[in-house]
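Two complexes are shown next, each including subunit A; its partner changes from subunit B in the first to subunit C in the second.
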Partner chain A sequence: MMSEFDVSLYSDIEPLPIETGLDNELCQIMYTDEYKQVIGIARRLISNGEFSERALDLTSCVIDLSPAFYTIWNYRFNIVTALMAVSGDIEAFLNKELDWLDEVTLNNPKNYQIWSYRQALLEVHPNASLKRELPVLEMMIDEDTKNYHVWSYRKWCVQKFNDFTNEFQFADSLIEKDIYNNSAWTHRMFVLKNLTSNKNEDNWNEQLKKETIDFEIEYAKQKITLCPQNVSSWNYLRGILDKYFDEDYTINGIDEFAIQYIDNIFEKNESELTETNSTNLPQLKSSYALQFVADGYSRIPDKKNMAIKAYKSLSIKYDPIRRGLWNHMISKLSA
Partner chain B sequence: MERNLNRFKFINNKLLGRKKPIIERELSSEEEMDVISDTSDYQTETIADRNEVLKDCLPLLEDPDLESKLNRDFLKMYLTAAFSLQLPSQMTALDASQPWILYWVANSLYMLDAAWLTDDHKKRLKEKIFVISPDGGPFAGGIGQLPHVAATYAAINTLTLCDNIDNSWDLVNRDAILNWLLSIKQKNGGFKTSFTVGENDTRGVYCALSIASLLNIITPELTENVLEYLIACQNFEGGFGGCPQEDEAHGGYTFCAVAALAILGKLDSINIPKLIEWCATKQYNEEKGFCGRSNKLVDGCYSFWVGGTIAILEAYGYGDYIFDHDSLREYILRCCQDDKMPGLRDKPGKRPDFYHTNYVLSGLAITEYKFDILDKTNATSIIVKKRDNIGYSELNPVNPIYGIPIDVASKIYDHFR
Partner chain C sequence: MVETKKHVKFLQRHLLLLPPKAQSQDPNKLGIVYYAIAGLALLDESALSAYTKNKDWIYKHYKEFDPPSNSKRIAGFIGSQLLSLDGQVTINLSNTLFALIILNIIDDCDGRSKNINYEHIRNFVSQCQVPNGQFVSSLDSFTGLPSRVDSTDLRYCYIAVAILYFTGCRTRANFDKHIHVESLLAFVKSQECMNGGYGEYLEAHAGYTSCALSLLKLLGCEAELTESFRWHTITWLLDRQVSNTGCMSLQEDNQNYEQDDHGGFQGRENKFADTCYVFWCLNSLKILSPDNWKSLCEINIAKEFLMDKTQDKLLGGFSKTDVDDPDIYHTYLGLASLGLLDGSLNGELCIPTKYQPR
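Here is the complex of A and B:
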């Protein structure tokens, strides 16, 4: 418990009820006496419009007991903005608040309210910095490498401060740790798109953009080589080709790169690519490679038959749960 | 799969000393080796976590003594208990989400059998919603709390399920709800969950549009920039993230965005083939259920978040080939229910709860019907036909856009027109 509840501070406060008083109420929660008292006092302070140190302390107690209680986060924000105005040092006051929030954050990894509260604090902070934010975010990611709120908040921060300096490296370190971490791959795409966007024209000339994109393609290929059956690295590669190369999956022989993972599927004749004969088909290193080639070739008129073979083998053997999708692709190509 | 099964048998026999004998059966030649070779020297946290789940799921999926059938009576017991007993103090975590509890339980009962949600339940549901927010909305999570967009969504859905009992629909303060929705509306087209501090993501957009369309209070001011916001949430994988900043594609946020687009009548503004492919790739060959993000674990609740998204796409004419209905049913019926603990769950080893019960059941209902729509400008005009050649659990069909049964959704929609 971070915040000890000291009832003597609130002896003049008559708690408001937190129970409905309904007879026969549906889904009534059996609150503890402590909860009833703390929330009851908070309700009274809110209705009195009290913005004080003791009110701030009380919100800490409520958040300890019930971190998803969004009303209290709102109340706390109003207290903080009132108190900081009279504190004489807004920056120091808000830094103290951020320190408190860091601790709450580490104790409540799945909570939604913390992050919007943090954003609200940063919006009123006279001297907010990305540097102040990064350590707690890294600790959170260390605990749970796919924590959605943390990744989303990190993106918000990086954009707010327009500082992408650490981001490729950060994404890379998480991909190094777990090559299947889709959050890290998505972050990498976020960085790439931002750095190469028109907004960023001043710092990035066309040559630098091109080199970065080429580097990222090599990066994805290298990770695929390490671990070919990984949807994240393949989606990253496809994302780049979709955005920067107009969905061309054959550029610079990248189709050849993918084909090395799908054995000699294209040499099979139609009778070999049937449900009944599918047991004779070889083991493959990657169903995503097969899909990559199929999608790429489906857009090239004279490679449609190869695309159909690839979809067919996905359907009958390598990815049968999606046979509806693969058969749909085949019928589109055959039409 | 063979490797995983062997691993499981080893763990059970050698490490856990399991008493019940493992059922051995002859593997078909298909199963004799993995069709995709495992890069077994590349073990990471993701692979280790998934292997744990496979270890729990595969025996259930393969158990010949287990029947793939919904235990309706056991579920009824769980849900009626929720409406006749007080909730233990551990559920204080949901103190700011009370309308959600009411919605999950009422919706589950209604899906199982409309008559199981009795008039007495409806009266007490209505009473509780209006004691929380005596002015008739916007609605809060509990008494003395601020209005919240998700609480208002759950409250309106609950009142919808109450079928206008005692003319309760006319107690809803539509003007106040519209004005409040406009107050949480953001310049970028998003909605904050509450005023002034709250999350701004696709959940807010979905809840706002769901409420406003059922109550017939959608105005041009309310929807200004919303379409641009939603379009910007579709990321490179094809699914949608929470915020328009290349957030990771996620089943829950994807559902919110797609349902909101359907309400706006603007599904054609996004990249549908990419979305379809993303949804399809959330279903695992081995576990047979859906995960919520690439390389994450299967979870029963995505039966609705992803399955519902697919049902919306089907209703709007984008095809009914997107997922494997039979397989999802296998995951739900074998892995999400248990004969010892009533209620439905995320996955084996997890405790059932009201949230999972509602969304797993909604997902199951989706597997049993074909979806179509009569009028694309009216999201409540979804119609269904029973699917052929698939099991039937006698569930009332759900409108996948609103997450409530089709009949009540269209009834409240008509009431306010």
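Here is the complex of A and C:
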């Protein structure tokens, strides 16, 4: 699949070498002979504006050597649009291009130019489908489960095709594999937000919306139970409560759920919640539970004292690295 | 202790002959020059004078065009001679910003050399804006229209605004002359994430967060943030400081958690700490809370993370984490983090304060 460089195809092309050895040059690179040869021909073809089959082959070789070379991606796209117009079968031509890109993608997981190139191809493809994209996405996420660009591309795709059917399940399978995978958690939030948005009103009546949100709260709680000190699952829960319940962290007794992780910290008196006494305080399973309760109660006038106690215990024992933040919250509440 | 001498040597080495594996960085070579020169400016002024003469070589990367699609003449920088192709529009935003910063440091005429035309550079920036307010980094080399295969995201939005700042824009009215600020702001707002921070499709990312906040600061628009989002973001950023104290040590089963990362910053939830995110997080915090960012987070242990974990005391340079080899990018961002803390670096422009444009 990867193009072998066949110099005989370009025997009529006089290479346009990179000017080097300039006065006061910095960072001079010791180019390999292969690089010099391939780049020299490519530079000449771009200058000539040649949109041909052999030019297409050559861009594959250049991309192998230098995937960050943005002009070559742009050149390739120009060649593709020119050739597909005369190919007689635009769809087949673009599918072949996507096949080529799949392979480049698997060899260059960190290159982000690949994904915008892919988007450009799908935008001109007469019959693009999500199904065609799923296998490569699956492989890429398998290889690097938190690759930001791959996740972004997946979300771009499901939005473009407005097909969210597999996405809760997909996020769940990744969370199953690694409960700490923040990309999977935020993907889930992206799906929830899209499904419950006004755009989807037709298929989503209020009842279904409510059931889904309730289910997601239970989902988050269940994952928190499995692993209480996990910022991603707590953020998911907070996101839902912020968006759908106006930042109310006491709805349906959810504060009671969090309180089970913070022992009876509220029963401690002021003198017990001090740095010197901190070793006598119980071990807790989750600082995020404490923070959740603190933030929730700080918004309720007659629970402010409990919020202060919670911030205080975060500061002296359970998350002391952020004591600047906790102390700031305490002074805001005490004012 | 900062191993100043070793870092100076490390940076100087990157300006000399580079091995073949640097070929993959050829298109953005001015990036290497920027990190090395700006790093030297932070470490040792006296090491800079040797590079004054190289400004002529930098100017060789400056190109002007009359693209067929646009009546206005445009100009900018290419990243290396690889992209010097007669008649082809190959300049891009990133390399233009790198060059402007380098020239501000090594050319004493404040970058405003007779060799370059600020008006044409601003025309290039305006040509890169696409209808939804975002920016591409480069143009179609044949037509001069925004490239259809380029990614558009907060990085290029930031770079576009920073270039306009370097070329003289200081007020909203100034910026509005060249770009559509309102649609840019709408795009930036669309990247706000629910738990604070900025990112694509709701996954907040410290790098994008720093880009978004820096560009708002340069535009003079920080005040447009809602108080609620501002606090969510401050909290989100503070939460990125990795800790091994209190309950935080209970994450032993998290494959992306390391006790030794204590004090460092991560780019996203449940990821390892990384030198560059110390910079992106601290810069963001400084913009959001200019008066008390240093008391909100534990800057001393952040410093210890850089000094004891990612600084290479033998070879010089900083690495991404304590298990990687040092590289030029993390070296500059490590030094930039320290510069932010001691006041010698302008964070939103990522340039030593001494050389920031007036």
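One rule holds for everything that comes next: the second predicted complex is superposed on the first by the 331 of 335 C-alpha atoms of A that agree within 3 Å, B and C clash if a C-alpha of one lies under 4 Å from a C-alpha of the other, contacts with A are read in each partner's own complex, and residues count from 1 in each chain.
By our rule, a contact is a pair of C-beta atoms (placed from the backbone, for glycine too) under 8 Å apart; a residue touches a chain by one contact, two chains touch by 3 or more.
Small disclaimer: the values here were computed from a predicted structure and weren't measured.
Steric overlap between subunit B and subunit C is present once the structures are superposed on subunit A.
Of the two partner chains placed by the overlay, subunit B and subunit C both lie in contact with A:W115. In the superposition on chain A, A:S298 contacts neither subunit B nor subunit C. Touch criterion not met for A:S233: it reaches neither subunit B nor subunit C.
By the touch criterion stated above, A:T20 is placed in contact with subunit B and with subunit C alike. Of the two partner chains, subunit B and subunit C are each touched by A:I321.
In the superposed model, A:T279 makes contact with subunit B only, not with subunit C.
In the superposition on chain A, A:L65 makes contact with both subunit B and subunit C.
Contacts of A:K177 after superposition: subunit B is touched, whereas subunit C is not reached. Applying the stated contact rule after C-alpha superposition, one finds that A:Q28 touches each of subunit B and subunit C.
Residues 16, 18-20, 22, 24-32, 35, 39, 43, 46, 65-66, 68-71, 73-74, 77, 112-113, 115-117, 120, 146, 148, 151-152, 155-156, 178, 180-183, 186, 189-190, 193, 227, 229-232, 235, 238-239, 242-243, 284-287, 317-325, 328 of subunit A contact both subunit B in one complex and subunit C in the other.
Those residues of subunit B lying in contact with subunit A across their complex are 29-30, 33-39, 42, 44-47, 82-83, 86-89, 91-98, 101-102, 105, 121, 124-125, 127-128, 131-132, 140-146, 148, 192-201, 235-237, 241-243, 245-250, 276-277, 280-281, 283-285, 288, 293-296, 319, 321-324, 327. For subunit A in complex with subunit B, the touching residues are 16-22, 24-32, 35, 39, 43, 46, 65-66, 68-71, 73-74, 77, 112-113, 115-117, 120, 145-146, 148, 151-152, 155-156, 159, 177-183, 186, 189-190, 193-194, 226-232, 235-236, 238-239, 242-243, 278-279, 281, 283-287, 317-325, 327-328.
By the touch rule above, subunit C contacts subunit A in their complex via residues 14-20, 22-29, 32-33, 51, 53-54, 56-57, 60, 80-88, 90, 92, 137-138, 140-142, 147-152, 193-195, 200-205, 234-235, 238-239, 241, 243, 245-248, 250-251, 253-257, 262-263, 268-271, 292, 295-298, 301. Touching subunit C in their complex are the following residues of subunit A: 16, 18-20, 22-32, 35, 39, 43, 46-47, 49, 65-71, 73-78, 112-113, 115-117, 120, 123, 146, 148, 151-152, 155-156, 178, 180-183, 185-187, 189-190, 193, 227, 229-232, 235, 238-239, 242-243, 284-288, 290, 314, 317-325, 328.
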